[in-house]
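Please go over the structures that come below.
Look for chain A in each of the two complexes below; its partner is chain B in the first and chain C in the second.
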Partner chain A sequence: MNRRNTLSGSIVFVLSIVLFIMLSYIAITGGIGKHPSEKINCLGQFFVNNSYNIFNKTFWAGSPEAVTSILWDYRGFDTIFETTVLFISIAGALVLAYKKINWDKLITPLFDKGLTLIVKTSVKIISAIVILLSLNLALRGYISPGGGFAGGSAYSIAPLLLISGLSIYYIIRLGYKLHKMINIRTIGLLGLSIVSLTPLLWFGYILQNQPKPSTTFPGYPVYIGPLYLGGSLIYLNISEFLVVSTEFIIIFLAMFLLLKSTKGEAE
Partner chain B sequence: MNITNILLMYIYLIVFATGGLAVYGIISKNNLIKKIIALTIFGDVVNSLIIFIGYRLVPKPLPPILPSLNPDKALYKLYVTSSVDPLPQALVITAIVINVAVVAFLVFLVVRIYNSYGSIEYDELVRIDRGGST
Partner chain C sequence: MIEFPLLLIAYFSTLGLVFTYFALKDKDLIKAIIFSTIQSISYALIYGTLLAPDILLVYLAVGFGIYPILLLYAVSKTRRYEKK
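Here is the complex of A and B:
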C-alpha cells in the first residue's frame, strides 16, 4: 500500500513538472495568443473608449468604471448566466443539506461557549468594519472598484467570522435565519429581473442601460439633479449584492447547521 | 532580449510553476479537503494569468476607471492611451464567483461523505468501500 503510494506520487510529480515545462514553453513562444504590450486588445480598447465617453454618447454606458459597465451593460447576459450558476449550485447544496438538518435538536437551550472574551470582542469589531466596507464596495461600485459580487462576498465574511469566533447560535439570534436569507435572496433576484426587463416596455432589449439608435428606450437616468446615479448599474449592483451575500450566508448557515445536527452520528 | 522580456518570462514561469504544484496537489493528496484547496489554487493561477495578459506595457498604466466625472480632452486621452484592458478583469470576476460556487458545493459533498463514512481520507474511503471495517 505504502510503496504503491510513493510510486504513484513520484509519477504524478514527474507529470506535473512535464506539464509545467510544456505550458511555459507554449507561453514563451507566444502560444497563448498575446503578451502584454503597449496596445491592448481592440475589444478592450472599445470598452475603455466608450464606457464614459461624454464627447460621443452613442455607445456609452454612463459609468466611468469600465469593468462594471462591461459586467452589467455590454456583456450583461454573461453576468445573468453566472448568477444562474450560483443559484443552481446553492440550490444543490441546500438539497444535500436540508433534510439532514435536525431542527428539534437545534432549538434546545443555547449557550455561547466560543472562544475567549478578547477573541469575541475583536471579532465583533472586525465584522462591523467588514460590513461597512462591503456596503461601500457595493453602493459605490459604479464609480470606484467593486460592485455587487465583490461587496456581496465581502459581506458574507462577517457572519463567517462571527460563527467561528462566537457560535452559530449567536448569528441566528442576530437574525441571520436560513428562511429569512432565502426570502431576501428572492427579493434580490426579483430586483434583477425587474431592472433587466423594464426596457422591453419601450421596445428596448433586455439589460439595456442607455439609449441606443436602434430602440426607443429613453435609458435609465444618469443624473437626477446633482446626484450621479450611473444608469441601471446602481440598481443592478444593489440587487446582486443582496443575492450574492445571502447566498453565501445560506451556504455557511446550512453547512454549520448540518455539522451541528449530525454531530456524533458518524462515530 | 531586454529587461522587460526577462521579467515577463519570470512571471510566466512563476505562474506555471504554481500551476504545476496545484495539479500535483489535486492528484496526489490523500485528504479530500487538501484536494479542494489545490483546486482553488489552480483556479487562481488561471485567473492571474488571464489578468496578466490584459496588462499594458506603458510607463504609468492606469486602472480602467476614469478618474473624473467631467473629464477634459487631455485627461480623457491620457486615460484611453494608458488604461489596462478591462475585459479580462470582467471575465475573471465571473470565473471567481463560479469557482466559489463550485467549491462550496464540493465542500458540502465532503461534509456528507464525512457524515456517511466517518473519514475524508481517500485510501480509507476505498478500503471501506471494498468491505473493510470503519
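Here is the complex of A and C:
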C-alpha cells in the first residue's frame, strides 16, 4: 500500500512537471491567442482616464479606485442584481431552516465546553484582527482595493471562528442574535435603496453618483471640508458591507442552531 | 516582459490541479480539506498575478476562511476516514 502511494505520488509529480512545461510553452509561443499587450485597451483607458479626473468631470465617478467605481457607478446594476440574488438565496435558506429550529431545546449552558484555553485565546485575538481588517476593506473600498462584498465576507469569518473555537452560545451572548442580524440586513438594504433611488427626486437616473449634463441632480458630495468621501460609493459600500456580513452570519447561525437543536433526534 | 506573469499563471494552475487530485484521492477528509484550501490559495494567487486584487480579497475570504471551516464542521458530523 505504502509503495503504491509513493509510486502514484511520483507519477503525479512527473505529470505535473510535464503539464507545467506544456502550459508554459503554449503560453510563451502564443498558443492562447494574441499576446495580451502591455498597453491598456481603449475600454480600460476610458475608466482609468475618467474615474478620477478633476480636470474634466463629465464622466468622472469621484473615486481613484476604478474597479469600485465600475461596480457601483458605471455598472451599478450588476452589483444590485448580485445583491438581489444573494438576498433571495439567503431568504430561501432561512425559510427552510427557521421552522426546523427547536428553540425549546436550545438552553444556554453555564459553561462552554469548547476547545483548550490556548485555542480560545488565539481565536479571540485573530477574530479581532479579522474584524479590524474587514472594516478597513469596507470603509476604504473607494480608495484602495476592497469594497462592501469583500469586507462583508471577511467580517463574517470572525463569528465563524468564534463558533468553532468557543461555542455558538458565546457569540449569541456577544450579541449576534438571529433576529438582530435580520434587522441589520434590512437596514443595509434600505440604505442601498435610498442611496440608489435619491437621484430620481432630481429627475436623475437610478444609481447616479456625480452630476451629469442630462440631469439636474447635484451629485453626492466628493469632499466635505478636508474629508474625502468619494461620492455615493462610501454609502453604498457601507450598506453592502452590512448586507453581506449579516447574510453570511444569518446562514451560520441558522445552520449551527439547527445542528444544536436537532442533535438529540439524529442519534 | 509579458511572459513572466503567464509562466506564473501556468505554475499556479498546475499547482491547483495537483492539489485538486490529492484532495480527491486522500482517504483522510481533514487532509483533503487542507489540500482543497491550498488549491483555492493557488487560484487566488492567479488572480493576484492577473492584477485583480479586488477579486483576490473576496476569494481569500471565502476560499481560505469560510469554506474550510464549514467543511470541517460537515466532516465533524461524520467519520474522519473514508470507508475502503
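Heads up, the rule we're going with is that the second predicted complex is superposed on the first by the 224 of 267 C-alpha atoms of A that agree within 3 Å, B and C clash if a C-alpha of one lies under 4 Å from a C-alpha of the other, contacts with A are read in each partner's own complex, and residues count from 1 in each chain.
Quick note on the criterion: a residue touches a chain if its C-beta (ideal position, glycine included) is under 8 Å from a C-beta of that chain, and two chains touch if they have at least 3 such contacts.
In this text the structure is predicted, and so the values were computed from the model without any measurement.
Student: Let me test your reading of the model: by the given contact rule, A:137 touches which partner, first (chain B), second (chain C), both or neither?
Tutor: After superposition on chain A, A:137 lies in contact with chain C alone.
Student: Does chain B (first) or chain C (second) touch A:23, or do both, or does neither?
Tutor: Once the two structures are laid over each other on A, A:23 reaches both partners.
Student: According to the stated criteria, A:104 is in contact with first (chain B), second (chain C), both, or neither; which is it?
Tutor: So A:104 meets neither chain B nor chain C here.
Student: Between chain B (first) and chain C (second), which does A:79 come into contact with in this model arrangement: first, second, both, or neither?
Tutor: first
Student: Who wins on chain A residues touched, chain B or chain C?
Tutor: Between chain B and chain C, B touches the greater number of residues in chain A.
Student: Looking at A:40, would you say it contacts chain B, chain C, both, or neither? Reply first, second, both or neither.
Tutor: first
Student: In the superposed arrangement, which partner chain does A:93 touch: chain B (first), chain C (second), both, or neither?
Tutor: Touch status of A:93: first partner only.
Student: A:259 in the overlay: touching chain B, chain C, both, or neither? Say first, second, both or neither.
Tutor: In the superposed model, A:259 contacts both chain B and chain C.
Student: Find the residues of chain A that appear in the contact set with chain B and again in the contact set with chain C.
Tutor: The answer is residues 8, 12, 16, 19-20, 23-24, 27-28, 32, 35-38, 67, 145, 147, 149-150, 153, 248, 259 of chain A.
Student: Touching residues of chain C toward chain A in the complex: what are they?
Tutor: Contacts found on chain C: 2-3, 6-7, 9-11, 13-15, 17-18, 21-22, 25, 53-54, 56-58, 61-62, 65-66, 69-70, 72-73, 77.
Student: Which positions of chain A touch chain C when the two form their complex?
Tutor: So the residues of chain A in touch with chain C come to 8, 12, 16, 19-20, 23-24, 27-28, 32, 35-38, 67-68, 130, 134, 137, 145-147, 149-150, 153-154, 156-157, 160-161, 164, 248, 256, 259.
Student: Across the complex, what residues on chain B touch chain A?
Tutor: For chain B paired with chain A, touching residues are 8-9, 12-13, 16-17, 19-21, 23-24, 27-28, 30, 49, 52-58, 63-71, 73, 76, 79-80, 83-91, 93-94, 96-98, 100-102, 104-105, 107-109, 111-112, 114-118, 123.
Student: If you look only at chain A, which of its residues touch chain B in the complex?
Tutor: Against chain B, chain A makes touches at 1, 5, 8-9, 12-13, 15-17, 19-20, 23-24, 27-28, 32-41, 43-45, 47-49, 51-55, 64-67, 70-71, 75, 78-79, 82, 85-86, 89-90, 92-93, 96-97, 100, 143-145, 147, 149-150, 153, 228, 244, 248, 251, 254-255, 258-259, 262, 265-267.
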